[in-house]
Structure formats: C-alpha cells, structure tokens
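Read from first to last, the chains carry the letters A, B, C and D; within each, the first residue is number 1.
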Amino acid sequence: MLSFTCDYAEGAHPLILKALTDSNLEQLPGYGSDVYCQRAKEKIRQACACPDADIHFLVGGTQTNATVIASLLRNYEGVVAAKTGHIGVHEAGAVEYTGHKVLPVPEHQGKIDPEELRSYLATFFSDANHEHMVFPGMVYISFPTEYGTIYSRAELSAIHGICREYRIPLFIDGARLGYGLESLQSDLDLPALASLCDVFYIGGTKVGALCGEAVVFPRGNAPAHFMTTVKQHGALLAKGRLLGIQFDVLFTDGLYLKIARYAIEMAEQMKGILREKGIPFFLESPTNQQFVILSDTDVKRLSSQVGFDFWEKYDAHHTVVRFATSWATPEENLRRLREIL
Amino acid sequence: MLSFTCDYAEGAHPLILKALTDSNLEQLPGYGSDVYCQRAKEKIRQACACPDADIHFLVGGTQTNATVIASLLRNYEGVVAAKTGHIGVHEAGAVEYTGHKVLPVPEHQGKIDPEELRSYLATFFSDANHEHMVFPGMVYISFPTEYGTIYSRAELSAIHGICREYRIPLFIDGARLGYGLESLQSDLDLPALASLCDVFYIGGTKVGALCGEAVVFPRGNAPAHFMTTVKQHGALLAKGRLLGIQFDVLFTDGLYLKIARYAIEMAEQMKGILREKGIPFFLESPTNQQFVILSDTDVKRLSSQVGFDFWEKYDAHHTVVRFATSWATPEENLRRLREIL
Amino acid sequence: MLSFTCDYAEGAHPLILKALTDSNLEQLPGYGSDVYCQRAKEKIRQACACPDADIHFLVGGTQTNATVIASLLRNYEGVVAAKTGHIGVHEAGAVEYTGHKVLPVPEHQGKIDPEELRSYLATFFSDANHEHMVFPGMVYISFPTEYGTIYSRAELSAIHGICREYRIPLFIDGARLGYGLESLQSDLDLPALASLCDVFYIGGTKVGALCGEAVVFPRGNAPAHFMTTVKQHGALLAKGRLLGIQFDVLFTDGLYLKIARYAIEMAEQMKGILREKGIPFFLESPTNQQFVILSDTDVKRLSSQVGFDFWEKYDAHHTVVRFATSWATPEENLRRLREIL
Amino acid sequence: MLSFTCDYAEGAHPLILKALTDSNLEQLPGYGSDVYCQRAKEKIRQACACPDADIHFLVGGTQTNATVIASLLRNYEGVVAAKTGHIGVHEAGAVEYTGHKVLPVPEHQGKIDPEELRSYLATFFSDANHEHMVFPGMVYISFPTEYGTIYSRAELSAIHGICREYRIPLFIDGARLGYGLESLQSDLDLPALASLCDVFYIGGTKVGALCGEAVVFPRGNAPAHFMTTVKQHGALLAKGRLLGIQFDVLFTDGLYLKIARYAIEMAEQMKGILREKGIPFFLESPTNQQFVILSDTDVKRLSSQVGFDFWEKYDAHHTVVRFATSWATPEENLRRLREIL
C-alpha cells in the first residue's frame, strides 16, 4: 500500500548499507574510537565550518535529547521548550526521568517567539519567589519543529542572543535537520545554524540512516567527560562503527543534504497535489511534513488506499492528518496519490 | 594486525547484512510494531519454549540492564550483584542514575555463591535496622560472567530458589549468552535458563549482530507498559526493524547458537595453544574469553604483533590480559597466534 | 509592624511549646516509635473515623508532596495537577527531581474541574500515541487551593469517582487543611475528606505547629515500607517525638480545628473591612488567605505600615496582593488594619 | 529505665526551649530569612573563624548528606566513602536516589586511610577503562565516625591534601561534631576543621537541638542557588526560625562545645566503669559512643535493667553493643550503671 505515514518507514540509504557491508569484517576498536567515527567527525566539522567542534554519535532522538539536556543542566534547572516540543510531549517523560522539569512556553505553529521567551526569562528572574521555582537553565527548540515549521536566521539569531544575555545554552533538536535546512524557505545552512546555538544534533534516523544522531558542540564546548555521560545513559554503542560508518557516508559528497533536498522536492509536489485537490492545510509547513484537515469520512475512505498519520482532532467531524515525504519517497508514489485523491 | 581484543570488533554476521539489504525499501511501521519484530519474537519464544514470553528489543547492554532493573525495583529497593558484576563496575553508574543502589555480594571468579546470597538476604531481613537500609529487591547475575565463567544448572536453580523464597526477581544479563550456553561445560539450554529466572536478555551485539539485545520475560511477566519504560530510557528505536530483522535472522535455523558454538571451538583451540606455550591462566574460563598472566615484558613484546585486552595488574611485574574469540574469528588467526607465541 | 503576610510568621501554639517543655527530659526511642507518635496517630485515626489508617509524620510540605507522590507513582507515570498547583510552581521541581512529570490541567481559581479532568484522562487513553507519553498515574489537588478556594463535597466526590474509574489514587495536599475544613462554605469534615481520597496530609506548619505534616492513608493503604521511603527522602526525624508531641497536642480536644476556626473568624472580619473600604477582591476566597487588587501607589503607601504578600501583577498599574490570617492573628490587629486602610 | 541507647533520646537543651518560647509570638519572615538565622550564622562564622562562610540550616542528617552531595557532584561522579560510612549503609539509599553512586573504600575502625584513598584515586585515573566507570567526584568522611573514632589533624590534613591534588571537594559529616572536637584525643578545633575541608556540617540533632544541622561552606564556596537545591530536596523549612533560634542558642557563650564536653566527661566515666567491670571493648573510641562485647547471656540479663543499642554479632555467643552518653546524661545514671554491672 501507498504510504506517506512518516519519514522512518524505510531502512537506510543504499550507500550506507553498501559501506556497512564493505567494512563488515574489518576489526575495529569499540565505543566510537574507530577510524570511521574519526573520519565522520572530521567531515561534519568541515560541513559545519566548526574546526573545533566536539562531536558524539548517539543512537536515537529521545536518548539524545535526554542525554544532552541532563549534561548541561545543573540540578536546580529545567529546560525551556515550546508547549508542543517533542521533549515535553512524546518522549515518555525522559527528561523528567533525569530529574529536570520541562518548562513550557507558548508555541506558534510549533515555534517559540523570541519576545515571549525574553518575557518568560525576565519575569522569572524578577519574581520575588523565583528561588522556590525551577530555574530556566537552557532553551530547547526543534528545527524543523514538530509541525514542520522552521526558524528564520533572524529568529534564531534573536533567540540565541537572548540565551547569551541570560547565559544559558541554546540546544537545537535536529531530528529532521536536513529537511529544515533544505526547505525552500530556509535562509540557514549548517555553518550558520552551528554559529547560532551552543549544541545541536544532526538527525540520522529520519534522514537516511538506520539509526544515529550526531551531537555537535560547535566550539569544542562539550561538558567534561561527555562520553561517560553518554555511557551512563546507555547510549554508547560497543560497535560505535555502526554510527561512524553511517555518518561517514552521509557526509561524503554532501549526501545528507542532497537526500534531504530530494524529500523537499517531493514534498513540494505533494503540496501542489493537495492544493489542487482543494484539501485545506492545517498550517503552512515548508518541510517534508504536511498537515491537512480531512473530514472523518474522507479519513475513513482514503485510509484503505494510502497511509498517513493521525495527528489530532480538528473538530467534531474533521481530523488533522500528516502526510510525510522522505529521502526514499518514489516520485511514482506522488502520481498514484494524485489519482487516489 | 591480528586481534583477539574482544568479541565486538567486527560488524555483523553476513546473513544479517543481507537481510537488512533485502528488506531495505519495504515500508514498515515504526517502534517495533513491524512484522520482522513479530516474527523474531515468535522464533525466540519457540527457542526458549516460552509460548507466553513478553519480548522487547533494546539496543545495547548497559541500556538494557538499567531499563530492566529500574522497571522491576520499587523506589526503596536495590539490586544485588557480584562485586565484579558489570552493572557495578563498567556501566558508569547507569543503575544508580535511575535512583537505585547496586548491593555488592562477594564473587568467586565472577560468580555469586548461592549460600552467600542466602546469608546476605537472611542477614538483611533480620537486621533490626533494615528499614533504614536499601532493600534487596532483585538479584542480577551475568551468564557467562565478566570472567567468562558460567553457572551450572544446579547453581542457577539454587539461586532462583532463593529468589523465589524471598519473592524477588532474578535477572540474567546475557550479553554473551550464546557463548555461555554453548560452552562445553554448560548443562543449560535456552528453555532451562528461561525457566530458572524471571527475566533475561539474549545478547546480540557480542554474538553476531550490529547491535541489539532481546529482553525476555519468560512467563508473560513484563511490568505494565514496559514499552513506555523503554521509551523513557531512550531505548526505543524509531526503526525498530533494525533489531527485528537481526533477531529474525539470528533465530532462523539456530544461527545464534551455531555461531556461538563456533566461537567456543575457536576458544578451545586457543586455550590449547596458550597451554602448549606454557602461559599461565588467571582462571579457568569455559567460554570465549580467556584470561592469562603475562610478564610485563611479554605484554610489551607481543602487543606489537597481536591485539589483546588489558584486564588488571597481577603483581608488580605481571598483568592479566584477555584474549577473546568470537563468531567471526578466522581459524587462520589461531595458526598465526601459535606462531607469534 | 502589623503583618498579614502569611500564616507561618509565628512559632507554635503555646500548648505545643508547653508539651515539648514538659516532656523534654523523657528518654524516648527515635524515628517515630515513641509513645507520643503512637498516641497522636490514634487521635488522628479517631478524628478521621479511619480506624485502620496508616499515618506518618513528615517535616514540611514540599518534602511530603515529593515523598508521597514518588511512593505512589510507577516510573512511567506522572501526577496530574492544576496549572497553579503548588507542586508544579513553587516547589523548585522537587517532584521532577524524583523522576516524575507534573501533568498540568486547567485551573479555575486554583481548582480542577471534574469534567475537564475526565476529559484529560479520556483523551490520554484514547490517544494512539499514548504509550510514548507520560501516563497520568495519580491526581493531586490542594485543599484549600493556592488561591484559598475549596472543593465542595460534590466536587471532591466527582473527582474521586473519576480517579477510581481510572484506578489512580487521589492525593490531597492539606498544607492548610484546617482552614479549608473550617471555612464557612465547607460542607466537608475530616471523615468525609478521608473517605473521598486515597491519601492526604494534615498540615501542621501553617496551622499551629513549629513544623510537621501528618500523612494519612485512610484505609491502611500505605505503600510497602513507606518508612524506608520517608528515610530515603531525608524526611525521617531522629527525634520523631518533635512531630508526635505536636500532633498529640493538636488532636487533643479538637485543638487543630478550633484554632483553624479562629483564623477563619479573623479572615471573615478582615474581608468585611476590605469590602467596607471598597478594595476589590481578585477572587472570592472562603478561607484564611484573601487576594485583593491594589493600585501600585497603594501598594507602596500601605507597605510601610502593614505587611502583606506580593502575589502577581494584575495589569500595568495594579497588583494582586495576599492578606492572610492565622491561628495567631490578634483581633486587635484587625482594628489597626481598619484604621490604616 | 536507665538508658544509654543513643544521643537523641531526650528533647533539647533547656535554653533552646526557653528561646523558642520567648520568641514564639514574634512575627518573622519565612524560609530562613529571619534575624535569628542571620545571627546564628554570624556566630558560627566567628566560631569557625570563617568570616566569608556560606551557612545553611537543614533539618536532619540524611537529608543534609544527600543535599550537599548532590549539589557538588556532576552527573557522572560518585562520592568516595568508607565502607562503613553512614551514607552507604543506614540512609536507605538517599544518595543513590539522587542518581549518584557511593564508592566504597576500606575502613579502619570507621576511618579512611589517606594512603588507601590516594591509591584508590590513582588507580581509578590510570585505569584504561575509567571513562566507563563512575568518577570519584568528592570524598565523604564522618567526624567522629560511625564507630566513634576521630581523625587527627595530620590525618585530616593528608586527606584534604589528596582531595586538593585531585581537585575534588572533601565533605565532613559532623552529625556528632561536638563530641569529636571535644574528645580528649582531638587535636582539632572548629577553625582547624573548617580550614581542612570544603564543606562540613555541625550536627544539632545529636548535640542538644530538637532537630537541625548547620551546613558550612567555609570560604563562601556554596554552589550557586544552594537554597533552591535545599528547597528541591524538601529541606527548606517555612518556619526557618525553628533552626535559627536553636543554633543561635547553641553558639551563644560556646554552649555547643560546652555540652559536648560534658558528654565526653560522662563517656570517660562510663569507660572507667566498663573497664573496671572487665567488659572488653570492641574498639577504642575517644568519643561519646562506646562499643563493648557482651556475651549473649549478659545482653539478655542486662537489657531488663539498662538500655543500650544492639550493634552487630561478634561471634556465635557474643554481641557488640553500644552505650552512648550525651549532653543530657545525668551523672547519677553512671552511678546506677556501675551498680547494675
């Protein structure tokens, strides 16, 4: 069946499987100290124009978020995030499990507004009782957000400026980073993004890898003994090669961004089809996830022919659903989607 | 260079890579709900003769230990383990990070003695102050242990009996389970092991997989919502297929045990060579890890030609080192090892 | 200076100090096993009409909330609370520090609406992705709330019914319980309250004690080894007598409720004065805390003569402030307040 | 009945009760911001010759240990303690509950040996696998120890020197600090002790207070926002006066040390009596706790006439028991003890 359910429905980009197969019997040291990890890190440093970056490979997104956040917060601090931020909703309380509160601020199509962030921080520190409250110790944003939207360079710059003013780090969850950077609306590239935050991760799982997220501390600013923290969180693979080889391939000849761009092209075609069919959009997303409003009758009728993801109820008779493209979406599938619709 | 450093130096068994490649573009649902995971679970249930087993796939050993232990302990309980148990030494405090103490008992070549365990528990509960202390809430053993030794059926049965008497679960860390079960000394098989504990895991990472550990609750006795606990620990892969496909291959035609047996055969040959060369053993290990005592001069001399692992200082001039075989050790390497020694 | 700042500005009811002094040189066993603790528990059981209640004495409110909540939740569960609930705002993240999320629901003058609670729970369990989210594992309400309001018997009964339907416990934070029960609007007494929840605490600190909160599990339903949990939270006093003696006094001849009623009488007089002076109320509170809206000029002017508590900004030129009475408020102070206003 | 069970069997020094009563109706601000707390801190600073000390009042010992330790450790660090250290044995896992491992080193009558500590640290950092292990992030000692023994100035100086060398803080648990400093064997006073560690606490509960421990960071070196950490641990009293008033009294005219010295005098008399009666000592303790070996017949016989504390089994027919004096032990009781023995 035709599926636009998500961007992790297929395995890995074929070049990754080839590299895993080619290197399979090489004997390599464990825990990320192999040459593939070293090489991948060097290529990521170049792609980000961050020669001093500390880079660590972890396995999945929730794990990466919890590990990075816990490593940066002091015990009395929490992490500020949009109300719809992944860490506050769909990570089963992984951040709280490390002892830290997620401090929600309002969201606008998944994004934090810089002025509202400033106001939140100013209000907190001027509150006479703030020593009885959880301190905002860092800011978390996702790029793109859970609603597919992206921050402009100006917005990101404003948020980063506020964080520096309050001396708290800014962390960007880049589970779908490629799709954000390659969005037609994006005015950011990897070096710009790296310069406008304190730590971010380059999502592999949803952009062509079997698994794997590359955490980047752009200015060599990883907390001391971050590797031990990674181990403590159960996130250190014995066969670190599995991650090193994948990111080595993804950052050879710009593959990561190339396949992300392809997904965006497919998304733009898909948007055209949805628009052409008069299907209303729930919001304007410039990335690979599209959110549309279907009548419940249509949901029922269509779901026997095409896969999509239930998102939320819109009203008594309508539902918001997600159609996603990915690096692996065959163009042919779009033709078939048009026919079905 | 020739290497006997560890059992996670290579990638995966070639059949695993083939299966990953063959299925690569199939669109599958995420988070372990795909058909490969279902099929792998069914095969494991059969191999363990546990038709009702709850099975979950996690990514790595430390993660699995922390997740299983935290899911079974109540807040005021800790986990009893041999002083040399992996959870108490080389997991960066992952268990304590979840809020629980590791309660050490004496070890004998890595093993817990059933009578010492009984005495520990009896002493605890008869201590007038025990309500001020951490309650022993479960028992952890590794099979094989960190020193390559294994429990006999009688020993395991005794330990399990004591656990049942005190109504606390027994958890077996099977990071190298295959090598233990296929040891020439073993009188246990998967069904017997499954019947003599409350939860165990079948280690994939060190026995032919790229990554992955299969947690088995033999009698359908997983704690409620264990999947959410897995997610909370950052251990739930979006592309659950990566684990399902690997375990499906490993449990097809008995591959898992077959490749473990091969590693044992290589280990037996290696033991013969080491004995023949008059190298003293630190202890008698019946599995794929062999611990021998080398003079520091020999350590230095040999290490330019063959890889092995530093274990611990033996005395001022000698060192304990580990030589390990695995499913991937070429027979040819043993011939070369004999020449070098 | 005249002060209505809070209800913990004085020491303890004189009878408590007398009892501490009279018993001072008696040698008593530690950790709550003394006769005063036993006697106090028996009196509380009688006052609550709960002959089987498990009762534990802790020292302060935040500590009590964190200890009770952590003892009842499973690792994958969080606690549902009104957005303004004390545990979610002014406890420095003590609950999250134990690994659990506070799940906010809307508040109405500090209260949870039963229908909104039901809807929250129904929505959660019907969400296709709920296994990736924090499970609602208990409900927390405060009585009276942080805004001085109270639940009626019908409301509490509705909330408790919903909790039973979903099989999750209801916990009532009674930091100011006496002031709630003795409110002129209250249709609840101790036995009724005890029958409509699964655990609650009787606040001592704010109702006449130096410190101390009595946790009541009305039907002998304390979690196993709750005393060890209390110890683990650092909440077990060596000199448990300090708490036992205080609650023994407070529950002799109905002292606890008697002094709470006095505070309510003073509050009613104070409300009359505030109304008479035309000062607008921020909300209608039937207990000892009154919230009024003052112009910033008035705040400045008054604060040199009378103490009150800043609560929150109302608008650009007005502020919400709190005036509180307590068991120790001299009637004379109200006369002086009228003069000043 | 005559009792030498422990040093927390009575209430508080009468001057403390008098001060609580005298100040009872003063209206004071909460959470430790009152004048009594300020005054007590100033007096402690003077007694310690630490004009810049940060001082915080907490309620009990386990709470203080967990709070201080968690505030100083980074997530990947644990606390080194003697195997018999209170935090590792009788605090119900309170430290582990904050996510940190207690790292045991050998004990000698409750004390850490400086050379063994140095060797532990040196071994750790030279271990090739130490990044997979819990880092030693601070050292905990108790003064006096759980066995009543004390460190000499030379020993403490050596331990502190090693800590500085490894740049980890030294924390002294002073639950019975007075009894240690006033021991006839002690060559330390408060200023010396304060200069030889990074944080310590002055135990009130066991030396004359109802409850309360004063944490001293001698050189103004408290972690940022320590008050918020205290609140998060549930250790911040609303009526902070309860602690301030008590320590104000204890540090007026040297009361704290005076009453400790009295307990030591009583202990020396008691030692004389025990020796005279030919009762063997389990170890030589120079403080208020004495550990002797009794036959089980004697234990049975005596326990109907005099209270003492069971410590541990010595052999099949003998038991180690503790006799303790305190600030409140009447001299008359020693005369009666001699008669009974």
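To be clear about the criterion, a contact is a pair of C-beta atoms (placed from the backbone, for glycine too) under 8 Å apart; a residue touches a chain by one contact, two chains touch by 3 or more.
Worth saying up front: this structure is predicted, and the values here are computed from it rather than measured.
Participant: Taking CA centroids for every chain, report which one is farthest away from chain D.
Facilitator: That would be chain A.
Participant: Which of these, A-D, C-D or A-C, makes the same contacts as B-C in over half of the contact pairs?
Facilitator: Residue-number overlap above half with B-C among A-D, C-D or A-C: A-D.
Participant: By the contact definition above, name the pair with the higher C-beta contact count: B-D or A-B.
Facilitator: A-B
Participant: So what's the Cα centroid distance for chain B and chain D, whole Å?
Facilitator: One centre to the other, that is 42 Å.
Participant: Using Cα averages as centroids, what's the distance between chain A and chain B in whole Å?
Facilitator: Computed from C-alpha means, the inter-chain centre distance equals 33 Å.
Participant: Can you list the residues of chain A that touch 2 or more other chains?
Facilitator: Answer for chain A, listing residues that touch two or more other chains: 75-76, 91-93, 97-99, 131-133, 228-229, 231-232.
Participant: Note which residues of chain B are touching chain C in the complex, please.
Facilitator: 31, 70-71, 74-76, 98-99, 131-133, 135, 223-225, 227-229, 231-232
Participant: Looking at the complex, which residues from chain B come into contact with chain A?
Facilitator: 3, 5-6, 8-12, 14, 17, 20-21, 23-30, 59-67, 91-94, 97-98, 205-206, 210-211, 228-229, 231-239, 241-242, 307, 328
Participant: Within the complex, which stretch of chain D touches chain B?
Facilitator: Those in contact with chain B are residues 75-76, 78, 89-93, 96-102, 128-129, 131-134, 310.
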